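Quick one: this structure, given as structure tokens, is what I'll be asking you about.
Read from first to last, the chains carry the letters A, B, C and D; within each, the first residue is number 1.
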């Protein structure tokens, strides 16, 4: 049965599974740890999206992608600014501290996105050796609330951050959904907007264990040089260098080459729009604009109880006071799945 | 083309691939992070091997398995004793230090296995706060030199280690090969011999990203309690908790249930025996008894040059002074592969 | 010249200096690292204050005292709740992360003290492996804003914290000033109120490099056992075990035995009261009640400029928007020093 | 009573105590954390010894000096090569791992000094991402066995180390004794010989909590730039930045300015020579040449028992199989102390 719990509850897209089968069928041995032909192809696939000047690396989990990307951009006495409800602050245990030693300065906000003003308030004012030094601003795009930063918003954040000595990391666990939502060139919301590092998610878009870290040269290029030189050591030194690398890289290569990474993201986004619009019609309040594949609804207790009784899966999310339920759509969510939950909501409301 | 570089250069066994396809075909959503049905099945599969009293966890890499197992058994001011050429000391960068903070006390030996006397010499004699405290003895079975500890040898090591306050970890990246070589009950060389923790390798035996950590209760059970309670936090807090857990656990469940984990290991071992015996017949010195799937040969320079010219792959291994070449056999090494390299050795020797 | 910059800008009290001279004059050798007679005496001195059931250790800096105390009470996947302007969050760089790996959850408040409600809001609600687990609540007494928690306030914080699985640490860099302000039994605001660990400051009260960490048994005694057993290893393993221990412990022993620790704190408190009352009379707004040895004043820009021009030293403090100046009194601040600065304020106001 | 346990069992030299009294007597306030006049003077004193191009920092303990110096020169994936009986490997718990994350590669040797050949054997041969990368070679001068590296020996070590990409750190906990023994310009065995960092010990030469870290520019100056820029953050971020800095720096300034640092070291060295020569005359074997202030004697069991019965203090040292006793002389060891122990040895031998 499919649920709305999380986009990581779905399995593999047909294209991803086909890539695994194909790379295995070759029957040849491949050198381990990333020096293989599939990984070379995957790197090229990323360069086809972002341009030739990037550095790209593969890991198995989103936490690894985020923490290692940020570790590669920081020193252990710096600080990382992020939204209090970002995955980095809220769902990665203390991996950020263990891998970076940096202070997390979490911004509590009623909005789903950070603004340059938020960041300026949180950035360290005194700057002496007693306080954490400027490090990284991390934003999520798609945000954890299903909204999407525009290229202009990202640019203004990067300018503010860079001016204060911070680098900017984008948690793109749902980057595909953001690109699909904005229908933009992926470069426009990354390298061209000033982003230094991107965690490019595959797992939540139908891969198995597939996350990529992409570094972009910005400014004088020093942060890029530090990050791309030290990432391999951070990755190996934390047990995140996968030996049979082709099984993580081949699905990336295939799904980027055939465009299915965006096709599936568009579908998930469309399902979420459908779901949100159906809920609204039923009088349910939707807290954030459903720009990507998540819907954040204020379900009346009786609706909530009825849905759980019917076996629907989804999680509470955000500040407890907000009383929000998060319903995530996946690449394999069907129109029937959406209709099904809407029907049960309607029934619970006596319609 | 297949080479003798490493058993991680091979792909997936047919049974492993089938398991991935099957678990995906179900088309259902599964709760992430290990609370799914496939993982429950895999845990049961491990209990069918080792008994019901174990705790078992899954990760993607051998370095993660080793370092997290040992981190769960230690405090940051202890020491870990291992062979200088163990994977833990020689091939995991400084992940041991980053995850445990423990001192590695590496034993330099001309032998492939550690003895209780080796361990006693390396264990800390003074015991005050200024020196690292007793922590873990780590042995590899199969060793990195293709030899296998017997149950009696392991028992004597565990007794010596426990008497000095150390717990014992077994790096079983090639545990299947050891069990196949000894043709023994897996319990005999683990729980019954006194082992506290086992890294049970899947990757080098035909899985994709598949390593399991198994903890065994020993003595008063305190080490087991500490390890099995803290492992989940260590794993999550280092980014090693895989969300789509069924893709790591289902292949384990399947290949243990159908016995193919041992079938493939037996085959790889047999190929190595064949290779070693062929090399010996050609007058090549073999340094360690080829008990499992690795052959460590002193190739004369002209043989070495000829093999590389022919495109054969393998690595130098051990102390540089030993001038050893390591030839690893995999589940998919064929008798023809062995005959091929032997023929090229013979030719290079003018036979 | 004396300033109001910080109570660590003063030198040694006569009693502290005398103790150093005396312990040296003996001319004997003493075993290092805390096994000496002076340290035994100092431990007894602390037991005379807090009772025989405590464990007490000495370090050189306040950051060491706080971070090592908290490291001894936590696991690397927990969280520490504290005031955003606490020394722990605001003035110890990332030593908290490097020594504990815990997440800091900083509470932004317009008040100088935390309440049980603040803590409950910040404590982790979900409790699964993805989020930091309950660890330590740290409060400062005297607070960084010169106010003092009462025994009742501390008790209610400890009850709330313990109920949620947190231990409670008190940063007592200015503990003497708090005791002097409350004129209470030191046990009443520590062991009897539920405190698990106290950083007992000497440096800001006229010692050279002198901080003590005191652990108190609470509840089932498990946290106390863990902390007092692991502290020595944390201290040594971070380079904080002083070899010539008697030079840190003898001044503690002497100044506790002769009561001068409280005498000097009372004097500093009295000077601050005098200063605050003088400023108020001159129409200067004082933000927090001057209960201990610090005064937090909203100095009009022209007053501020005039004071700096005259060579007076003090720092801005707190949220930039508060526009607060912190004037700290020390054991050696004189009534003349206070009159001097008041006169210059008056002059700058044209009175 | 004075013993031969350790040179850190002695108190303060008269000059050091005088400096503390003097800096306190001034009665003024001083800005904390090293921005004071005494620290500026101490820095100048170090420049008078080593030249103007150095960077110098003060900490309280030898472990802090060594680990922070090395942390400032390394990345967390590198290795540190040192003698197995060096203080760094043998007496600093796991502070090296906690502060640097580097692998310690300890050289087991029957000699007290390392040679370039030792270092070359231990340096990492493969150099790929799986093994720790070149980091730091650490040598002790005076060694832990009372011997002294000459300028020529140090130069050859530095050349070998630098050629392999390592920087060189000197643990100079007893640097004064080495300079006194060699009667050389301190520059000859440091900056001119290629040393990158020196832990300059004060504590074992009559200060209270006084260690300095000195960085020297070598080669292209990049290591020096990295180390001198990052040391302040490493120091603060591990709680080792002392607030009342003048009490650590003033004694350094005074004892360097008046030459007493070398006077006291010469005296301790002379006492050790006297002691060693007396023991030899009594037929006691001395294992290493007594070039500085330590004597390493093979005391027959009956002599050992008799000395302990008489209350003499000293420790076993080195490999247990060596059966060595270490007798350390201090700045305040008297000729009578030496005569006393020699008389008791003679008596125990029936002479």
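For the reader, a short list of remarks on this structure follows.
Basically, contacts are C-beta pairs under 8 Å (C-beta built on N, C-alpha and C of every residue); 3 or more make two chains touch, one makes a residue touch a chain.
Everything quoted here is computed from the prediction, not taken from an experiment.
With respect to chain A, maximal separation of chain centres occurs for D (centres as means of Cα atoms). The chain pair with the larger count of C-beta pairs in contact, out of A-B and A-D, is A-B. With centres defined as mean CA coordinates, chain B is found 34 Å away from chain A. The mean-CA centres of chain A and chain D are about 50 angstrom from one another, to the nearest whole unit. Counting partner chains per residue, chain C has residues 76-77, 92-94, 98, 101, 129-130, 233, 236-237, 241 touching two or more of them.
Interface of chain B with chain D (complex): residues 76-79, 90-94, 96-98, 101-106, 108, 125, 129-132, 320. By the touch criterion stated above, chain D contacts chain A in their complex at residues 33, 75-77, 101, 129-130, 133, 230, 232-234, 236-237, 241. If you check the complex, the residues on chain A that touch chain B are 1-3, 5-6, 8-12, 17, 20-21, 23-24, 26-32, 59-64, 67-68, 92-95, 98-99, 203, 208-209, 233, 236-244, 247-248, 313, 330, 332.
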